[in-house]
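Given below, in the form of structure tokens, are the structures.
Shared between the two complexes below is chain A, which has chain B as its partner in the first and chain C in the second.
Here is the complex of A and B:
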């Protein structure tokens, strides 16, 4: 028996139920349950956010100028992006204009995060879904070298290099202590790379691990540390002083050179390692085009990376803004964060209560009243869940909808919107990637497409960083050293009641914070984050979210090994600490917290 | 290539005597109630196998500690993972998921009883029956206690595991609880910070594998080597503080000259951490060097000691020593009372310290 969802998926939960908990190689805690039919094809999918922290409740009555630090701790993987979103929300509410240099520095930090996050995601959180580490032991180092040199001029590619690496890997495996590779799905039929490609990928896994720590030094230079660099309402905390007294402790020539050098290196890594790897791996999986889910139907992008300071209209944003619904790429809708009818959150299948759960609420008017209960058909107990009942409430993630539509957000969504807008900087790399693999456009709407979009974006971001670094230097050269606007730093200068919204494109997708400020304190704070969109449970109409949709109709090589599930879920780069909202425990003071 | 070196090989190579090694085993076993046979088993295991298994668990957190750990420049984290420890379970990096992941925990408990390090990032929420953090369908707190039972030692990574951090800030809606409040019978090394500095994290882990003992801890359970002095004590802007040269406003002349950030709310005078010496990301900078005050992220309850831009009212310029000392002592004192649970680790530390020839004084409490 099947149920047709309004967003076009046929759900059938009659087959064998498979539970994956914990889902690993993600940020936070998550569970997936699927039903497979007699051919081991997924016919029903249920994704559950399994953690809550309550940052927004904690923010109430605090100083809005501190909010960036609290919200930054929502996620230490996409570190900084929540902080940026927060300072934008506060600046929007208080009409604070930041200096151009601050805009360039913020863009450099946000883009450095994009590159870092995409590289770490692919190599350290996602690659093991495509790459069989143990198979690399049987590779011929010489053939590996030939392969590597055929796809890239990256210098670490000699037979000796791969031989040494293989020897180290062999010793590691022979020790019997496989560490993070223990109990992996090695040897599964779902892995398709030849041993040489596996060995090359393992080499790049380790090289990327070494390199990623250098990318974030851009955060350290501008923000003092990473993870969790420092930000400032009104600008950035690091002053510019290129050659005056005390310049050795400020942003000076040495610091600017440091940033330039990192940008050059990350562009090189993208061009010579990351992109060629994606193309090479893609060539072995190009007929494994499952996992598209909502990406070919409904996608949402807010846009980001303002060219000029303080202008967040789509024309000034380097990353595209827009919504596409029902797969119609010829119509792109504008997005208004302030319109109460556009972005709404539903809780009919989330562990929260509304007065009327058939309706959604805009974040400025949101209510968060936690209500943990399992549906009548759940198996197990409240503190020992065996199987969830997706007919009832089953996740700590709310269900955000754009004009009632479940949407996918993230790199692929951004690139689909940019592609549909016919912007060459997004369209040309996509067309080239597909052409090189001999694939048609619909192939983009897949797990592979999502993974490729992230790589293309990393490359795009690297060149964009060079642009903003040059812009920063040009302005300094022209005599502008300003990095902060302190006119409205003092809360006494603020109106008694204001509200604002800030948005960014986090590495994982569209992110926005809504704030209300009353008498100098935070009156209400709401975040709707990328994994809330992607990891959303069902809504009152029965629409399934992006994670759930992406798993549908995927065949599993072996249902006891959830490799295909991990591969597709990981392609979204889930962040569960981000995705879950305000909460309060039953029977405690906070139980009736209403966030309006 | 150290991949097949045993734990014993590693510490011997570092100059630890056999005698010290045996003592380490017997004391660690004793602290865990394993008795004399336990010590023999442990010594044998450490000599004949294996890098020390590390089980890295995540509660309510943001994964900044894991992200920081992989930033380590010396040692490189790939060398830590491939050659120094056996990171058998880590939600963030491990290949396996679901049942295959859970099986590793059971195997480790059985095979390495009393021989593995439990590293905890984040903390358990206790409200809603613990179901604000569900892991494998059950409350995280259960899994945490279960794995703590047989651990050799426990590392509390970051402010979450050590103090509670942001989710425990008022009103702490989930009742997020530092791990030493739910694990009361085991040695716990607290490595606070949001996150801790990468090289501090790898420094703590490799200290254990290099010197064959746990590092010297202060009364609050923090390694003295990284947390015994305030940011302010070693801040390169300290002379400006002493000279009364302060940043008065963001991006003003003082800011551009690198004056002291105390008036902008810097919590360096009351924050015990290594930022102003080790610095961040292989020594590139630290918050004050990049123009923002310290927010005190390694201190207990720092989220509720703000606002961050309000200057410390109990610190007076030129009188900072006396005041900061009092504050530091008061904090240590209140926590110190609750440290009966640390008796185990104190015993281990006291004797292993002697055994390894340290000249540092006796137990701190």
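Here is the complex of A and C:
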């Protein structure tokens, strides 16, 4: 029974429908609807979300050299990576080569963002899907200390440290309605860590919160300011003046040494805190291997972190590039962002209009024409959707496909491609992680695997930062202080019509911007962001997207407490519209659950 | 509170997303505040955008915090409201779907958890009319209240001992936001595009 999708899932929407909807006063943002069978196993999954309605609406007729500043505002978390993708797109269109130092600095900023985002994502958002904060209150601080010391040499591990922390935590839990942690499903059977492991994780949650602010100082140093660091078409807006004492804004040895120190510290944090925590959590959840979805079938990575400047071919990229389809890890396809038949966006189930919706559009020819209508079987109204009809249009997210395939992007996709390419720097850490838990390779294709890949990547990125920092310092010492190429700064030097593409690996996955420039102004500008890939709705062929696929066949401990759904969706580090910060009078509940 | 030898470190923070119409209130307010007033040394001005949790270090470093932001208290669009100290909600949600949903409440809560909550906190909030107009300008009711919002901020800062004075004619500092996303350049082209394209 049910419907078989071309990408290998059997959908059955006959069971109880569960709706998990973050309540905001603005729009739907992200919402998941699933059907569970009589054993509370998910047999149909529908994800919908709000993304912006096309940056071209805002960028048309702007100066391409300013596009980064607009794209930096699309989103509150991925600011730098959008800016980087934007300047690369413009440089590609205008054939602008950047200096080596600019390449190293950009890599350092991008890798710093990876580490920062991965750490913050895990500790601040995702850890609470695995860690029961309230349970930590009943931990024995002495036993917690013993546990912590058994897995790592991280110095903050004494019984007194954990005792103090527990006292602080108790104060917060007691203040008001569970204080800052009031929204958890505390006590759910889906939580498996013993109290001591929970207390240790809470300690690291606070340490990560305190430490993350040092990581972003790298952006302040190289980008001139933070938040919203500066970027520049043609290089980086960061002059180098090694002997400069007190020269404002210029990069000198003192600042470079400070960056080196931060890199050392983040490597230590990854090695001694983040990785051991993931291994510890993994040991309690190693038989909870749901959530794999598309990761074992179809994954896509654009690649990033060019070793040498201006060469974006796969051989020069430290993060791997490639597409894998139908679970065949022995065949890795190249990815061509310019080929109109490879990356296409479909809108048959999205709230937009195309002339022919059976076809997809390549981003250079992308169109964003909103068309909000519910499917015939939807329940409720346009302003109060009770239940979506996934047979019709049901999401503001378009459905990007690679040669027609729904793809997962993100850290796990990158690591699967790197693993399949047999690259030791990706393969060995994965093999070690799995071996330590006594798990086979297919276990990687899971929510736990996605979470682990992010941690492994944070560790990898720290060492890569050290490499580019050393490279930068060596070149500066050899007398190269060039950071920008302004030869083509003047629009009069540009051809009248050009187009380009820039791509990066954002922390949450493959990101690309496509630009068309006409008479010195932006004519079209399209971004396909990681969450468009992962959060995509169905396409005309009926393929489900990565979020949807990841929820399939997951058993829920209690449908009223959709912890398993949140855990898996969070593991993608979804990136949604950032306009939800409006302050309300109460600490509003962010998600409501309806079971019907 | 014991007398301080040093003046308090005051942060004036604007938050919001300039790409979503009235969502931009906080950022536009702080941008105008910077353009119009000279501030004492102990005051820092910051365009926080939608940086959410990543603003925690700035909040931690501040003794006193003044925030411009859009609020939803169910008021008439364009209504200004000052919310102070404990009236400002702080919480950490774990059921949210995305890190991007970390609101300013969470920033406050995080600063609190880290043991460095501002001693004095004031929010100058404005009830928006339209948060869904992608690429749109501030709406008239909100725009009309910007001057008043700045007056309120000046009064609060004066209460905190920080006297801000209007800049003299010809004292034009670089805009807080550059690269064509400053208030006038952003909206100039948006208005033109809208008239052409509909």
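What we mean here is this: the second predicted complex is superposed on the first by the 556 of 596 C-alpha atoms of A that agree within 3 Å, B and C clash if a C-alpha of one lies under 4 Å from a C-alpha of the other, contacts with A are read in each partner's own complex, and residues count from 1 in each chain.
As a convention for this text, a residue touches a chain if its C-beta (ideal position, glycine included) is under 8 Å from a C-beta of that chain, and two chains touch if they have at least 3 such contacts.
What you see is a predicted model, and the numbers here were worked out from it, not measured in a lab.
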item	value
Which superposed partner A:474 touches (first chain B, second chain C, both, neither)	neither
Which superposed partner A:121 touches (first chain B, second chain C, both, neither)	second
Partner chain(s) touched by A:172 [first = chain B, second = chain C, both, neither]	both
Chain A residues touched - chain C or chain B, whichever exceeds	B
Partner chain in contact with A:228 - chain B first, chain C second, else both or neither	both
Which superposed partner A:213 touches (first chain B, second chain C, both, neither)	both
Partner chain in contact with A:573 - chain B first, chain C second, else both or neither	second
Touching partner for A:73 - first (chain B), second (chain C), both, neither	both
Partner chain(s) touched by A:383 [first = chain B, second = chain C, both, neither]	first
First, second, both or neither for A:57, with chain B first and chain C second	both
Footprint overlap on chain A, comparing chain B with chain C	22, 24-27, 29, 52-54, 57-58, 62-63, 65-66, 69-70, 73-77, 79, 120, 124-125, 128, 168, 172, 179-185, 206, 209-210, 212-213, 216, 227-228, 566, 577, 582-586, 589-590
Footprint of chain B on chain A - complex, ascending	19-29, 31, 50-55, 57-58, 62-63, 65-66, 69-70, 73-77, 79, 120, 124-125, 128, 133, 167-168, 171-172, 174-185, 206, 209-210, 212-213, 216-217, 219-230, 232, 234-241, 244-250, 258, 370, 372, 380, 382-386, 396, 481-484, 486, 489, 560-562, 566, 577, 582-586, 588-590, 593
Residue ranges of chain B touching chain A (in the complex, touch as defined)	1, 3-4, 49-51, 53, 58, 60-68, 70-73, 76-78, 81-82, 85-104, 125, 127-140, 165-167, 169-176, 194-195, 198, 236-237, 249-251, 255-259, 275, 280-282, 284-292, 295, 297, 303, 306-309
Chain A - residues contacting chain C, complex	22, 24-27, 29-30, 52-54, 57-58, 60-63, 65-66, 68-70, 73-77, 79, 120-121, 124-125, 128-129, 168, 172, 179-185, 206, 209-210, 212-213, 216, 227-228, 566, 569-570, 573-587, 589-591
Contacting residues of chain C [partner chain A, same complex]	15-20, 23, 46-57, 60, 69-73, 83, 88-106, 109-110, 112-115, 123, 125, 128, 131-132, 134-135, 177-181, 189-190, 192-193
